[in-house]
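Lettered A, B, C and D in written order, each chain numbered from 1.
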Amino acid sequence: MTEMKELSYVDAIIEGIAEEMVVDPKIFHMSTEAPRRLQEEFGFPRVRQTPIAESALTGMAIGAAAGGYRPIVDWRLVTFCFVAMDQIVNQAAKIHYMFGGQTRFPLVFRTTVGGGTRRAAQHSQSPYSMFMQLTGLKLVLPSTPADAKGLIKTAIRDDNPVVFFEAGRLGGVKGPIPNGDVSIPFGKADVKREGKDVTVVALAWMVHEALAAAEELSKQGIEVEVIDPRTLVPLDIETIRSSVFKTGHLVIADEAPAAASVSADIAARIVEDAASFEALKAPISRVTGLDAPIPYSPSLEDYVFPDRSRIIEAIRRIL
Amino acid sequence: MTNLSPERQRAMLRRMITIRRFEEIASEKFRSGDIYGVVHSYAGEEAIAVGVCEALRDGDQIISTHRGHGHCIAKGADLNRMMAELYGRADGYCKGKGGSMHIADFSIGMLGANGIVAGGISIITGAGLAAQMDGNGAVAVGFFGDGASNAGPFHESINIAAAWKLPVIYVCENNQWAVNVPALESVATPNVADRAKGYGIPGIIVDGNDVFAVHNAAVDAIARARAGQGPTIIEAKTYRHRRHTERLDQPDARPSEEVNAWLQEDKDPIQRMITTLQMQEDLLPPTVLENLKTVVENELAEAVSFAEKSPFPTKESALQDVFAE
Amino acid sequence: MTEMKELSYVDAIIEGIAEEMVVDPKIFHMSTEAPRRLQEEFGFPRVRQTPIAESALTGMAIGAAAGGYRPIVDWRLVTFCFVAMDQIVNQAAKIHYMFGGQTRFPLVFRTTVGGGTRRAAQHSQSPYSMFMQLTGLKLVLPSTPADAKGLIKTAIRDDNPVVFFEAGRLGGVKGPIPNGDVSIPFGKADVKREGKDVTVVALAWMVHEALAAAEELSKQGIEVEVIDPRTLVPLDIETIRSSVFKTGHLVIADEAPAAASVSADIAARIVEDAASFEALKAPISRVTGLDAPIPYSPSLEDYVFPDRSRIIEAIRRIL
Amino acid sequence: MTNLSPERQRAMLRRMITIRRFEEIASEKFRSGDIYGVVHSYAGEEAIAVGVCEALRDGDQIISTHRGHGHCIAKGADLNRMMAELYGRADGYCKGKGGSMHIADFSIGMLGANGIVAGGISIITGAGLAAQMDGNGAVAVGFFGDGASNAGPFHESINIAAAWKLPVIYVCENNQWAVNVPALESVATPNVADRAKGYGIPGIIVDGNDVFAVHNAAVDAIARARAGQGPTIIEAKTYRHRRHTERLDQPDARPSEEVNAWLQEDKDPIQRMITTLQMQEDLLPPTVLENLKTVVENELAEAVSFAEKSPFPTKESALQDVFAE
C-alpha cells in the first residue's frame, strides 16, 4: 500500500487540472480571477484572467473547443453564470445535437455552489437542478477531495460540455488523495457508508451531514446507508434503487430548495419503477433548503439550510 | 474597384446567384410544406457573405445568424446537404436535427447558423482566440445583424477581442430593420460602425450591396487581423428583399415604397454586379451569364432532388447525438 | 345566463392585458415585437417596441416597478429569456426578499413555451421547471383561453414578479370566455374532467392531450380525472392529493423533459405525504418529453414529444 | 472650482468623513466577527458618491454596486439601520436578510447595492424610464466599476438610454482594478468614457478624488438629463484604499508602490477637500473640523450601539418577505 497524501477539496481540483494540463497542451483555463497555482505553473496564455464578461467567456470556450482546444472556464460563484445562461442553455447544451453531432465540444465549466458563508441570496445558491432540465450537459457535484480530483480529470477528458459544481463549504476540507491516475467515471454513485435500515441520498456538503447523522443514529442501532450520486447527469439511479431494495426507506438530503429539484427527481424515479415503488415501506422524505432566498444573518441562514439534525428528524419520521 | 481575376469575379457572381436562387426555392418549398418551421431569407444581402468569404482562405472560420443560408453557400457548403437539412432529411448537414436555423459545416469552418440573436458573436470570438493561440494566421468572421448590435454579447465579445487583439472581423449586416423595429430607433447612433470608437478599433462602413466594396473592406480587415493588429467592425448597409421570415402571418412594418426602392435593379446586389462586370469588356458575355445561370439552376434542381430522395431520419435517431461518445 | 364569446388563447391574453391597461395607467408593455392590438389601442409610450436586449428590458422593468409602474415585458419565445437570466434569478426573484420587503415589484414577464412548431432545439423549449427552483417568482401556465385571460389579469394585479408562460401550440386554439371580471386566483388547480379511476395531472398543451386520452379511455370504461394546476408557483398540491385519494393512481403529463421537473416535483410531493403515499395503489407514471434537445424534422420532433397515445399507455401500465 | 455655499461644502466634507469612518468601523467589525460574509470598502472613493449625490434632489434615484456603503450614506441613508444590517440584526434596513451587499433605502431613492457586477445598470435605466414617463424632471444615477463596464448589461442599457434619451447618468468609478485584473488589460480603450462615443452621448472624465470636479460634472450631466437631452457617462478616476474585500485570505495583486502613492495626502479625496477648504478663509477653521469629526464619531458610535442592541431576527422571519402580500 502506497502512502496517501492529504489535500483540500479545492487544491485537489486544482491538482487534477494541473495534471491534465501537463499532459494535454490543448487545455487552457479562463476566469475573472485565476487560480494562483495554475497561474504560476502554466502562466499566460494557458491561464487567462479576463474581463468580467461571463457570457462572452462561455461562448468563447465553445468556439475554442470547436477549434480543437479543451477550455476550462471558471465562472466562480454559480450566481455569476446566470449572465451566461444563454450560452449555456442555447449553445453549449445543444450545439452537438443541433448540428447532428458534426463535431465535439470538450468543455469544462467550473463553478462554486452552496451557502453557509453569510453572503446572502445572490451568493449562496445551489441551482444545479436547473441544469438537469438542459439535456446535453453533464453535471458533476463531488463531496470529497478524492472524488473532486477524480471527477475533474474525467470532466476534462470528456468530449462534452461538463458543468463541474464545487461545494463552497467544502473548499477547505481536507481528505486523502489516492496516488496515480485517480480519474473516476461519471454515473457511478458512491456508497459512502453502508447500512441496512434507511437509505440517505445526499449531495455535496450534505454528504458530510448525512454521515454525521448516520454516526449518531448508529449509536441508537439505526444503520444508515449514505449514497453520494457524485454526478447528477448521468445519474446512477440503479445504485440508489438497489439500496432502497435493501432498506425500504429513502431520505434525500440536498441544501437546494425542494421544488423541481434533483431531490424531487430521485424520488420520482424511485416511485416510477414498479420494483422500487413496491420496496418502499414508508413515504420518501426530503431534507432540503427551506422555501426562501438565502438570507444574510446567521440566525436566518442557519435556519434555512438543512443539517444533520434535520436528517435525523426525517429518518425518525419515516422509520 | 477590384483587382480580382475575371474567373474569381465570375465565381463570386455565381455564388451570389446560387444564394438568391437557393432562397427562392427555399421560400417556395416552405410554402409548399416541404420545409418546416421557419425560413429567414438572405435575398438582397448576397454581396456581403460572398464579398467577405471570397477574402478568406482555408482554415478561416465564420459564424452566422438565423439568416444563415447565404453564409453557408458563400463559405462553400454542399447544396445537397443544405437542402436535405431544410427538408428535415437524414442526409442533411445535421441529420434533420437542425433545420434552417441550425446549419453548420465545421469541416469548412462554417460554425453554424444560430436561432439566438447575437448568440454566435462570442463563439466566433473564441474561434479567433483559438486561431491566435494556433499562431497560423487564420482569422474568424462573425456575421450579425443591426438588431444584434444592441445585445450584450456584442459588447462583451468585441471588447475582449479588442483588448486581446484577436483576429476577428465583426461584420454587421445592417439591413436597417430587426423584424419590425427600424435600426434608427434601436441603435443609439446612425451607424453600427460608430460603436467601434468605443473599443478603439476601426469601424468601416461599406455599401453592402456592392460586392467589391465589401470584398475590399474585408481584405483590409483580414490583413489587419492576420498581422496581429486585432479586430475590425465592418458595417455593410443593405436591405432584405423579403419580410422577416417566410411566414405570411407575420406583419411586415416596412413602408412599401422603401421596400420597392431596394428591389430595383440599381440597388439589387446581383444586378449591380452583373452591370459592373458587363461594363468590362469580355468579362461577362451574355452567353456566359446564361450558362452560369443554367449551371446554378441544375445544381439546385439536383439539390432539391437529393433532398426529396433522402429518407426522413428514423425516429429513434432523435435520441442519438445528445452526447458525443 | 349571459352569452359567452369565443377568443383564441393569445387573443384572450391580449384582451386581459388591454382591460387591465384601461383601468390602470401605470401598466405598460415592452417587447422586441409589440402585439398589434395593444399598439393600436394604447400606442407609445405605453406599448413600446425595443432593441433586442432582453436583459436590459428585464432589469428596466424592475427599476420601473420600483418607481410605481406595473411593467409587462414580453420576452417572446422563452428561449430569448436566457440572455436575461441574471436579472430573473438574481434580481427579480430575490429583490423583494433581499431588501427586507421594503418595496413591491409588480411585474409580469410574458413568454411562449413549447414545441411542435418544427423550430428545433432552441425555439421549442418548456423550461418552466427551472424557474421553480427560484423562490420568489410566481409561475403561471394556462391551458385554455378562459384560464389565460383570467390568470393574466391576476398576474398583472399581483404585487410580485410573475412569469406568465404561454403555450405556443395553443396560441390559436379558441375557447369560450366568460363575461365580466374573469380573474382567476393563483394556486387553484382546475379539474378539467372528473373521473374515479386515475388522476392525470397535465400541463398546458398536454391538458388537451389528456382530455383526448380520457375521452378514448372512457369508451373502455376507464374514468380519468384530468387536473390542470394552472399555476406552478403556487402549486395546488392539495387538489392533486385529493384526487389521488379518490383514484389511487397518478399519471403526470408534461412535454418538458422529466429530469428535475415539475412532474418530478408533483410525484415527490405525493410520496412525501404519508396519506397520499398510502393512497397510491401503483407506481406513479410520468409522460414527458424524451431526453433530447428538440429536433427539427417532423419525424423526430413528433417522437420526442409525448401525446395522448403515450398518456393512454402510461395509464394502462399502472391500472 | 465650486460655487456651493460654505454650509454645503462642509456638509459634503462631513459626509465624506462619515463614509470613511463607517468603512473603517465596518472593516474592524468584520475582523472582530460582528459583521459576516463579505465587506467591500469604499474608502478612497468617497468624493464620487458625495460629489454626485450632492447634485441630486429629492425624487432622484441612484443604484449601487457591491461596494455600496458610500452611496447609501451619500444619498442620506440612516447610519443606524445600515450598521444594524451589517450586524445582521432585525432593525437593519433589510431586517438582516441583505447584509453589506444588499442595502437599499427605497424611501430615499437608493435602489440598492448589488452582488452582481453590472446587475444594477439596467434597473437604474428602468428607474430613468419611469422618471421620463412621470415627466417631473427626476433623474436616475447608476454607479458601477471599471470592471462592470465590460459586461453586456452596460451596453444594452446605455444603448437604450441613449436611443430613448432617458434621464440617466452612468457614473463609472474607475478605481483601475477589478479584483486583481487591471482595467488597462480589460477595457479595450484607455478610458471607460471612450465608450460614450459608441452611443453618441457625452463621455466625461473627471478626477474622482476631487469632489468638486465630480460635483461639477454631475451638475452638468444632470441638467442635461433633466432637460430631456439624454444620458451621460461620467468616468471618475479613483483608487480603492483597501484590498478588494476585507477578507484577508484573498490576494491583492496591486503593486504596493501604486497603492502607497494613492494613500498619500495629495491623493486622498478627504485630505484634498480639507486642504481646498482650508485655503479659503474661514471656511474650515480647525475647531470646526474637529467638531465635525466629533459629530461623525458620535453618530457612528451611536450606530454601532444601535446595531449591537438590535436583536437578531427570529428564525421564522427567514420565511417572511418571500412574496409581497
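As a convention for this text, a residue touches a chain if its C-beta (ideal position, glycine included) is under 8 Å from a C-beta of that chain, and two chains touch if they have at least 3 such contacts.
Given the structure is predicted, the values throughout are model-derived calculations rather than measurements.
Summarising the inter-chain layout, the chain whose CA centre lies farthest from the centre of chain D is B.
Our note on geometry: chain B versus chain C, Cα centroid distance of 37 Å, whole angstroms. Annotation: 30 Å between the Cα-based centres of chain A and chain C. Centre-to-centre separation between chain A and chain B, using Cα means, comes to 41 Å.
Between the CA-based centres of chain B and chain D the separation comes to 45 Å, rounded to the whole angstrom. Those residues of chain D in touch with two or more other chains are numbered 94, 96-98, 102, 114-116, 150-153, 156, 159-160, 163, 185-187, 322. Looking at chain C, residues 50-51, 53, 55-56, 79, 83, 86, 90, 97-98, 120-122, 135-136, 291-293, 295 sit in touch with two or more other chains.
Contact topology of the protein chains: fully connected, every pair of chains touching.
Contacts from chain C toward chain B in the complex involve residues 32-33, 36, 49-53, 55-56, 79-80, 83, 117-123, 290-293, 295-304. By the touch rule above, chain B contacts chain D in their complex via residues 150-156, 158-160, 162-163, 185-189, 194-201.
By the touch criterion stated above, chain C contacts chain A in their complex at residues 55, 79, 82-83, 85-86, 88-90, 93-94, 97-98, 120-122, 125, 127, 129-130, 132-136, 233, 235, 256-265, 267-269, 271-274, 277, 280, 282-286, 291-293, 295.
Those residues of chain B lying in contact with chain A across their complex are 61, 63, 92-98, 102, 104-107, 111-112, 114-116, 119-131, 133-134, 140, 152-153, 156-157, 159-160, 163, 320-325. On the side of chain C, the complex with chain D involves touching residues 28, 45, 50-51, 53, 55-69, 71, 86-87, 90-91, 95-105, 135-136, 138, 159-160.
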